[in-house]
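Which chain is which? They are A, B, C, D, E and F, in the order written, and residues in each are numbered from 1.
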Amino acid sequence: METMTNPITRADGRTPEQLRPITITRGWSAQAEGSALIEFGNTRVLCTASFTEGVPRWLKGEGTGWVTSEYAMLPRATNTRNTREAVKGKIGGRTHEISRLIGRSLRSIIDTKALGENTIVLDCDVLQADGGTRTASITGAFVALADAVTWAREQGLVKKNAEVLTDTVSAISVGIIDGVPMLDLPYVEDARAETDMNVVVTGSGTFVEVQGTAEGAPFDRDELNSLLDLALAGNAELASIQRNVLGWDK
Amino acid sequence: METMTNPITRADGRTPEQLRPITITRGWSAQAEGSALIEFGNTRVLCTASFTEGVPRWLKGEGTGWVTSEYAMLPRATNTRNTREAVKGKIGGRTHEISRLIGRSLRSIIDTKALGENTIVLDCDVLQADGGTRTASITGAFVALADAVTWAREQGLVKKNAEVLTDTVSAISVGIIDGVPMLDLPYVEDARAETDMNVVVTGSGTFVEVQGTAEGAPFDRDELNSLLDLALAGNAELASIQRNVLGWDK
Amino acid sequence: METMTNPITRADGRTPEQLRPITITRGWSAQAEGSALIEFGNTRVLCTASFTEGVPRWLKGEGTGWVTSEYAMLPRATNTRNTREAVKGKIGGRTHEISRLIGRSLRSIIDTKALGENTIVLDCDVLQADGGTRTASITGAFVALADAVTWAREQGLVKKNAEVLTDTVSAISVGIIDGVPMLDLPYVEDARAETDMNVVVTGSGTFVEVQGTAEGAPFDRDELNSLLDLALAGNAELASIQRNVLGWDK
Amino acid sequence: METMTNPITRADGRTPEQLRPITITRGWSAQAEGSALIEFGNTRVLCTASFTEGVPRWLKGEGTGWVTSEYAMLPRATNTRNTREAVKGKIGGRTHEISRLIGRSLRSIIDTKALGENTIVLDCDVLQADGGTRTASITGAFVALADAVTWAREQGLVKKNAEVLTDTVSAISVGIIDGVPMLDLPYVEDARAETDMNVVVTGSGTFVEVQGTAEGAPFDRDELNSLLDLALAGNAELASIQRNVLGWDK
Amino acid sequence: METMTNPITRADGRTPEQLRPITITRGWSAQAEGSALIEFGNTRVLCTASFTEGVPRWLKGEGTGWVTSEYAMLPRATNTRNTREAVKGKIGGRTHEISRLIGRSLRSIIDTKALGENTIVLDCDVLQADGGTRTASITGAFVALADAVTWAREQGLVKKNAEVLTDTVSAISVGIIDGVPMLDLPYVEDARAETDMNVVVTGSGTFVEVQGTAEGAPFDRDELNSLLDLALAGNAELASIQRNVLGWDK
Amino acid sequence: METMTNPITRADGRTPEQLRPITITRGWSAQAEGSALIEFGNTRVLCTASFTEGVPRWLKGEGTGWVTSEYAMLPRATNTRNTREAVKGKIGGRTHEISRLIGRSLRSIIDTKALGENTIVLDCDVLQADGGTRTASITGAFVALADAVTWAREQGLVKKNAEVLTDTVSAISVGIIDGVPMLDLPYVEDARAETDMNVVVTGSGTFVEVQGTAEGAPFDRDELNSLLDLALAGNAELASIQRNVLGWDK
């Protein structure tokens, strides 16, 4: 029985293998070609997809499109206010790293030939942060991206029958806390985790990105395996929520 | 009769002296000491107030507090995507100007002695822009500020009976379009206005800031007067909405 | 009688409605297409106009010209030395705001069609600051601009009979000190003013820009009206000095 | 037999599970407290460890030390010259990401309590780049770090018997090329890899960091497993080379 | 006879060994502790000396003062407008180099012990540039410095009888044009010079700085010698002008 | 006898007119078109020459090439670690000044017409610093430059018989310590020198650059002369080492 193998209850009442409540509000932003306000518990990210014709100079004439992403946090998305990166005059290492991760993740399920010489920029702005902002960003950005692709098809900017999206993609965090592997860590758990892993997975269950870090003691092969199991299960749920909100499962 | 003097109807169906639908959602952000999501029609600004003990070095030992503000726009708050200022590595002139205006406006109704040696930072982040983002920011930031002051009083960080807020404050834009003075301009009207004016007014109806600019032909004294009339009436409505949402009018 | 309504004498011996001594030295700089060293009392600003053929990329092919401005202060223009903005690596909010104001003010009296696809940059560098640096800048920049236009006409870069300048433009500060509206505030008065207003006016007496700020208590409609009266009278004097120094009054 | 399962020979003559020639020159730099010039084939990284007493402000009084790292490339470390980041005025996302990875990796085998309130900065400057610069950096930085700790012990700056290093740490890249998992990719292989993984492992064989990215098609669980097998074997060899160069084996 | 060995007349009518007209206006700036507007022909530099008590952190408690300098050019000091360094966000190499040269030159004649723990910053802002801006800056900055020292002595900030200035200092450019060594080059000559040299000399005729650069062909020992002769004679004249304007020659 | 006039022995055992041991390792870097690791005693600089076809925009169509240089120091090239300029976000004055000096020095022996429309960038990265980093950079960069020119000739990128290099160039420091002129100062001597001079000389013994600075007391004409004598002799030795390592002497 479930409750026997995992009799642990978390501070927010979840079992170790349970996601936080996930909400995706499609089209929250009226101006973008695609947008989604995604919530993983108290984490709230506004994802917008901006479609423009043409590609950066270094891609011109290649017949392929470009998908990229920028991640940022409002100064008071966290419990104490952070200085704006625009005020500091430079973007921090963490911000760069997450922006690059989101971009790579979405490019993994895009057929850039099918997209044609068009660019889609995914902006993921964290309005409220409670752990998992990068995984929420990837999961929400996919929905915004899908809507931008649909919009472009309707406008005749990409071919009618072009399969621009080759799959869905989502991401979830997993970690080991007090020796127990757990899914979808809020801030309080993330801060205590011995090992922290972000796993980006396609709808078909293959890996796009595996980023595991021992925050405290290094982890062994068995722990790695159980974290990957949890992450695959969590992402399967997210994929189902994405398909649902996009109306893809009739 | 009203309809005789102003038989004009605007693109969005309003009369020249009518505000757009105004919505203020108090406490939208769970982490800030005060917050408000304010909407002037399609313009949406998230205002948060961050309260911290202590003041900047140049104010230490003066026994007075400090209130300041930062304004920013998400890259896709507008119809086409703008480069993030953090990416450019510097903050533009317009952003600076609006941040300073919001800060001055709020300081006008704060008794900094009563605030004590504490700092409140108002962040106004435009999630969606359709004209009037600076006036919505001032109006929403007041609500966030009021809640932060209440929070501080409850925490014993400011004295129980200190009258930190000396009045309410709000702001509205007015402009002359095709010779007709109009209230609360959305983007399409703002772009066409011959004269554009932002007027910041206290709840008692006195002026905090008057910023009028001839975008096209210079304007005369009569035009200035009718714009001021409109702005005073609009701000009176906003003050009433603020008091209402704060529960100040029993 | 004048002396009965305003028996007040200011620290520098002026009556409330009197300008400081105004001096404009045309052609102070040998290299610029137009230049003026302007003095409002102890405030000294070097204004140069740089004329170049062509316009910024976003204006190309529109058949219209471009006028813009940059304002700056020498580090020791003030009583204590300020860090150079070049050393800080970024331009402050106040500098941006004033640069934009000067640019808007001068564009208000330029017929950009008549200017053709040419650019004029007005540099206003404050050599010595004693209040009113932005108003002196606008007033002096007009003279530099007028000379640059004349130079361009002589060079055949703008058409002989093109009316590039549609009017003159000048600016003056006004403020309320101890309840009395006063014209053209030096630093010591500016620092004490309850309300501070900069008013940009054309030679024909229409408003280009009205920027009033309550530094202390908000101001009422009557105070606003008397400040505007003072500003219009002051600007009329400045316009006359400009015409005189340019030799436009036979 | 080995040669039957992997009859593949790589461009540089190695079998898929073979490391490039590894050279570590201890003490290459006379001035640093520890230093190593490490070579993974043609990749050459100069690693220096700078020991200073005291810790950053946010750690003061905690009784723990701090280890951090900065990674950079000389402009002509690569086949074509890159602009210096100092000239661009900002550090790129990739540089930040690698600096952070190196720092985390080394902190995983440091007992910061035993280090006391001291700081060690590891600078990893790539003099020549041919793939695997981040893994060479981690592996070489460990040697520099070990020498800096020895130096500090000799100086009496850390306690005689303090076990500052809890283990060794090294890193290696693995990737799938034409369906075959391969160890330690030089640039030409890295550019063709479908999946690319950097694995940081302690001398005891536990994981510190696992970063796998699908550059082309997402990868499945089996591929992930065979990459991890290769990486563990490669890191075991590196650990042995490190111990050898440090004279830690008998 | 002079005219036989040097029958050459320069474009501006000078003989090779003649200075341009030199003008020094002491106290041009009312606010600074010392100031001088210096003119070398059409080159005009405003030099101000800002005296502040205290020294930078790294000098505290040493009992010695600090003298430093910043050099800059107004954007339209030259024939075509240059972008402001504040707008570019960084200071160019030439500006840095000249600022450092001016600082070193003035420190050579300052007894920093006698100055006490005080700082003097010399700002040299080029209002109009026609060659020799760095030599004019040094020569003018000395006058501003001397007045700031006098001011400080009068204020009791440095000891009455402290010999803060150990000598005077001035600078002049020399160059070889069409094989002829010439003194004090304006822009048109400077651009044509095969060799260009800036020589900073004390009032006693000893060298503080010798900076010679072959712009075209390298120069030999004889040419170097005749340039040094010219520079010593020119600086002797400048020293006399400085003493005269300071009223040091009874 | 030599030993009678200079019975002084320096800390490192040299006589005043002796160079430190000079080592030049040609082709240290595999990827650059030319490279040299140069050592002046403990000072070690990696010089690479990057050859690219084409010239900066402002030189296009002139038929001449461009040679430029960038100098930098690794953070731990010195006894205590310096902050990276990339981290500070700006390049310091000293770095700019040395980069410019190296570029000018190398351009003095390049026939840019013979080079054709090609660019060579010399990167001089100081791996270890012990005085004389700028003179070692110039001397080593010449070797890297010579090899890049040979490479370009072999590739047919410059004409077979074009005399791109008109001479060799090298540089050495000289200084006065305790009244004695000395050659090639290491850090400990440089810090004590009363006068410090860097002299760049061609293989034919003519001057390219003479930069003398009085660090302490100004220097007189005789001292200047003996420093120049020393520098010419030292550079003659360096030229011979350069020719030798390049295999230019029979």
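Going forward, a residue touches a chain if its C-beta (ideal position, glycine included) is under 8 Å from a C-beta of that chain, and two chains touch if they have at least 3 such contacts.
Since we're looking at a predicted model, the values are computed, not measured.
Among the remaining chains, D is positioned farthest from subunit C, on the basis of C-alpha centroids. The contact pattern of C-E recurs in A-B, the pair among E-F, A-D or A-B where over half of the contact pairs coincide by residue number. Taking the mean Cα position of each chain as its centre, B sits at the greatest distance from subunit F.
Once the centre of each chain is set as its mean CA position, subunit D and subunit F turn out to be 34 Å apart. Chain centres here are Cα averages; for subunit A and subunit C they lie 52 Å apart. Between subunit B and subunit C the centroid-to-centroid distance comes to 28 Å (mean Cα coordinates, whole Å). Shown for subunit B are the residues in touch with two or more other chains, namely 89-91.
Order of chains round the ring, from subunit A towards subunit B, by the touch criterion defined above: A, B, C, E, F, D. Within the complex formed with subunit E, the residues of subunit C that make contact are 29-32, 35, 42, 46, 48, 50, 52, 70, 72, 74-81, 84-91, 95, 121, 123, 125, 127-128. Against subunit D, in their complex, subunit A makes its touches with residues 90-94, 96-97, 99-100, 104, 108, 167, 197, 201-202, 204, 206-214, 217-221, 224, 228.
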